[in-house]
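Encoded as structure tokens, here's the structure I'll be asking about.
Labels run A, B, C and D following the written order; every chain starts at residue 1.
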Amino acid sequence: MSRPEKLKVGIVGGTGYTGVELLRLLVNHPHVEVVAITSRSEDGVAVADMFPSLRGELDLRFSVPDVKVLGRCDVVFFATPHNVAMRMMPELLAENVRVVDLSADFRVRDAEVWSQWYNETHVCPELLAEAVYGLPEMNREAIRTARLVACAGCYPTAVQLGMLPLLENGLVDDQSLIASCASGVSGGGKATKVPMLMAEASDNFKAYGASGHRHLPEIEQGLADMAGHAVQLTFVPHLVPMIRGINATLYSVLKSNAPSLAQLQTLFEQRYQDEPFVDVMPMGSHPETRFVKGTNHCRLALHQPQGRNTLVVLSVIDNLTKGASGQAIQNMNIMFDLPEAAGLNTIALLP
Amino acid sequence: MSRPEKLKVGIVGGTGYTGVELLRLLVNHPHVEVVAITSRSEDGVAVADMFPSLRGELDLRFSVPDVKVLGRCDVVFFATPHNVAMRMMPELLAENVRVVDLSADFRVRDAEVWSQWYNETHVCPELLAEAVYGLPEMNREAIRTARLVACAGCYPTAVQLGMLPLLENGLVDDQSLIASCASGVSGGGKATKVPMLMAEASDNFKAYGASGHRHLPEIEQGLADMAGHAVQLTFVPHLVPMIRGINATLYSVLKSNAPSLAQLQTLFEQRYQDEPFVDVMPMGSHPETRFVKGTNHCRLALHQPQGRNTLVVLSVIDNLTKGASGQAIQNMNIMFDLPEAAGLNTIALLP
Amino acid sequence: MSRPEKLKVGIVGGTGYTGVELLRLLVNHPHVEVVAITSRSEDGVAVADMFPSLRGELDLRFSVPDVKVLGRCDVVFFATPHNVAMRMMPELLAENVRVVDLSADFRVRDAEVWSQWYNETHVCPELLAEAVYGLPEMNREAIRTARLVACAGCYPTAVQLGMLPLLENGLVDDQSLIASCASGVSGGGKATKVPMLMAEASDNFKAYGASGHRHLPEIEQGLADMAGHAVQLTFVPHLVPMIRGINATLYSVLKSNAPSLAQLQTLFEQRYQDEPFVDVMPMGSHPETRFVKGTNHCRLALHQPQGRNTLVVLSVIDNLTKGASGQAIQNMNIMFDLPEAAGLNTIALLP
Amino acid sequence: MSRPEKLKVGIVGGTGYTGVELLRLLVNHPHVEVVAITSRSEDGVAVADMFPSLRGELDLRFSVPDVKVLGRCDVVFFATPHNVAMRMMPELLAENVRVVDLSADFRVRDAEVWSQWYNETHVCPELLAEAVYGLPEMNREAIRTARLVACAGCYPTAVQLGMLPLLENGLVDDQSLIASCASGVSGGGKATKVPMLMAEASDNFKAYGASGHRHLPEIEQGLADMAGHAVQLTFVPHLVPMIRGINATLYSVLKSNAPSLAQLQTLFEQRYQDEPFVDVMPMGSHPETRFVKGTNHCRLALHQPQGRNTLVVLSVIDNLTKGASGQAIQNMNIMFDLPEAAGLNTIALLP
């Protein structure tokens, strides 16, 4: 196959953590050229001045977002907070650009539910039906042809990949699911809030959003798609004094006719055997977030404490890679018929 | 009451983390004098040479354990790994010393169960019935007169205090309890194992012991005492890159006739209103481990996500203080009719 | 001496890190009562709501600063950024209150120099001559009777205590002094700046302010007082991914007739033998910041690498305690003829 | 040029941190195949079982070191503690293998000096003269044809690259050089010592080896090569609570006729303009260790505080990459006429 030219990529909102993570990966992507990266506040600033890790790797300056410029790209990533992408989306799609949105704007199909959790009215609900939820392990075929991919969020990715084989096969009580999750501080983005200061967040551990967190409707929607009906999940996130990484410890009650742990292990291995980025670790394993740091992998392990009827699935990802920018690139690779792992071959630092 | 002399205190196994934590607290305890601290390997070494934080505070040297010397103490603390205290206990009790054991040797009343989890035969099972489980909020009266107090473990303390009002009042399904817990690295003690190296444990998060952890039988025994019958708990511990602290996120299913969240909040507040070291935080709170760092407090908060029937209780302690040495001193204070908070008035560093 | 009543203490600017550190220490101070703590932004908020570590320890609310209220105190602490204390100072001193200023407003005696480094005009330069520099090891007698004590800064305390015996005795070349220092992130205060986010500052190390830092003129002034003439210091601070602590590694060239290392060790020990908060560790020691965490101690050690003529002094303090709030209380104790260590008996957590 | 086959690479001592770092980089190296990796203790264990970050990337098992097997390699890396490589070296060189030694065995040319610092007798001093010191920025031409390259150590690399242009040009007093350095904990290797436990090393900062450190003779030898005569360096290392990274803050006294700071900046830029892995940052910069984490770069910046005659050079590297395994691969690339940056194009994670 001849691939005469590199894909032209634009990034809206390049100053945040998902923006620089996109750049880190795209700079070494063999089939891609980043041609525009926007920031209203940093217009004209060299990207490598803000992110010295990119010195010598990228000769590009931030520019104000301009639909004309972005319209000449093959694909545009939105690495923005929620409530930005949806405002530019109709105009941008009209330019025949394909879009991968890393924000939450198009993940929840029900505009009412979205509004309730994000305290905003959705400005283009008509696109919600068209948007494809960007979790390749669920939606690979739909992603191939999508104009607009709404990348799965970080917690949702870790939880859904850990529960997918169970719910697809109806093996657990899906009305009493529990996801006790923990994230590194980069999950909070680059916003300067007191609780995210190192003096506050380090040498500490806490739950947050225990009464309700914005990722819940997204996760329950995805799990319902797997189960074929509505599910109930209790989701409690925690903040870990580390930079990157999400761990989901998933508790579910096995149905009385559920297979044995060894059979479940095999089921998981088979479900994911062709997935380039999901690794079912051997029985008895405990995945660690550092095993996937900076990589696009999700690593899973199964446990059945005391052989009782509660199954424990452990699921780890890097929130900025498989939980955001890596998954966005994986989606792009699928959309443009590139090798799915192109640009995503980094190996975790250890130690 | 006249209190003419200070209590003479001995510590067996003073070189570990619970040992130095005992010293930190006892040095400023107004009614106590530490007269002996043992270590076979460090015999003759000045304690302040090993722990420079104690320079100028404590003029004492490590000595080899000697029942004669310890026998002249009013109280002896065991700050040893399991399988040490039980070997000295009969001889020591024969000297009319009262003992507070911080190790696991006398926590589980069933010698068979103990042997199964600790891979040792219990050498003095006849003392198991006499030993009082050292969780003051459960057993204060029995502790007053006990010869031998088996201090509650770290995870068990956090979990039991969070579940006590629920189980005493039969408000939740006690056959499907879940404790998703997380501990700082000092919980692993001073043993030099690769996974506890800073290069391995920092900037990382992982579950461990997910298929079964030694603290399970202790916790289930305590919860059963509260419920009046056997319970089932799924307990998954995690390792947090922080030094001290335990967080227990407790999930339980409310019975259909259970009170409202506001009523549960009141119930918790009433249950603990006279407890000097249990703090029920306001509705909506998220306790953080740093709020109790270096102190003997447990701080709790209740949540009912989406108003569904799963209750979430958050419980934090310092694993070395309320989870070990502080609780041991609280037990000692009760045993010797001292003010229960004597020596335990430290306030957490913030930040 | 009869001491019928507790000192009435006011704190201006109680929401920052030096404010809460003052509270942590003053709550357990036997001769003090905190009667007012101000914050314009948090007026009416319970202090323990902002700092849950103080729940159950302090029943006080923030109030707007009011000279009438503060004027009824015996002593007022300023725990504010620079440029606040000097604006209230004349009015407050007129109320016959004694003041301990933790900010930089009155540390540098030369108003011109101060203006140059702080980019502000000094509004009450007439008080600069009266203000006593609050480093007790240098100025104890002057502190006793001072109306206004300007507490020594964090880096300046660590550096000056490490160099004091050398400069007082003229043993090193004081025109080529080097202080390579490192601070935990709490030194940056509670201000929300991107570089202080945990995602930016953790798992990282960097120099900052290498071309010039505001603490330089304060340090050089203090060193000049010791030497009896102007000195030259190269001062480079670094940011360490820890919460509290300062380490100063001090390099100086011994004069050709300087005493031996063993003699220097003795000289340091003698100079500080009556100082309650300066600990000269044994030859060959390496003080660690955790050895003084949360305490008012400075720990020092001397090295002479390869027996050459460069002397290395290592000096550690807790930037918020001996480097700020602890030292402020030590100054207060001296001013009011209280035991100098009152309220300052905390022992460092280890681990 | 045709390059029909991949280089066959062997690694002796693959279980430590420099071993796994070699693997991380070599797995993605386009011109290399790892054919053997040895460990006596882990013989037969799959490498990916010990390092789950390599799951799916490397299908190789540890084997006992065997000169026959290693002798069939094109190049062998020693990722061992000191005192191992020198024992196998003569036999291995006899097989016509080229060797890159990451340990300290062949770095110091004077066997007497080596013995004094490493407390071992050197077993093949006759090879010391042949060994080429593996700092490409100094010795690129000699490396090309070397049989045995002794890779520069971590601190030595950071210090030497920061001082090279100054000493080559005789611009500073080379008898009073100071290197105040700081390293992450991975510098201590995977050896299980109490001070390297996370409970001991985190939230802490300390100097160590202040009276003399093994890297001193290596550094002074390199600096002397640059200067053309013996130099004197005071070197004090510090331990930082981070995993990877070295910062060297270098102090030197400019000669009276030295050029201006701007001219020095230009001099540094010119000296390193063709170096693929040395980045002279703009005037006023503060390199951070995270800017080079996981990469083979050294980033430098110059400061002249207060315009006085002390020059400050800041130098950062990743101790495991440019300070060990990355540099080893750079050396290999040079030895085998491969593109010097092959396999070394990783970009630092930020955040």
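Here, a residue touches a chain if its C-beta (ideal position, glycine included) is under 8 Å from a C-beta of that chain, and two chains touch if they have at least 3 such contacts.
Source: prediction; values computed, not measured.
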item	value
Which of C-D and A-C has more C-beta pairs touching across its chains	C-D
Chain at maximum distance from subunit B, centres defined as averaged CA atoms	D
Distance from the mean Cα position of subunit D to that of subunit C, given in whole angstrom	39
Distance from subunit C to subunit B - Cα centre to Cα centre, in angstrom	36
Distance between the centres, which are taken as Cα means, of subunit C and subunit A, whole angstrom	46
Shared interface positions of subunit B, touching two or more other chains	17, 184, 186, 197, 199-200, 202-203, 241-244, 287-288, 290, 293, 351
Overall pattern in which the protein chains touch one another (line/ring/star/complete/other)	complete
Residues of subunit B that touch subunit D when the two form their complex	17, 184-186, 188, 190, 192-194, 196-203, 241-243
Residue ranges of subunit C touching subunit B (in the complex, touch as defined)	17, 20, 24, 27-28, 51-57, 186, 202-203, 243-244, 279, 281, 285, 287-288, 290-295, 299, 320, 345-351
Subunit C residues touching subunit D - in the complex, by the definition given at the top	176, 178, 180, 182, 184, 199-200, 202-208, 210-212, 216, 232, 234-236, 238, 240-245, 247, 249, 251, 253, 284, 286-290, 293, 301, 303-306, 308, 310, 312, 314, 316, 351
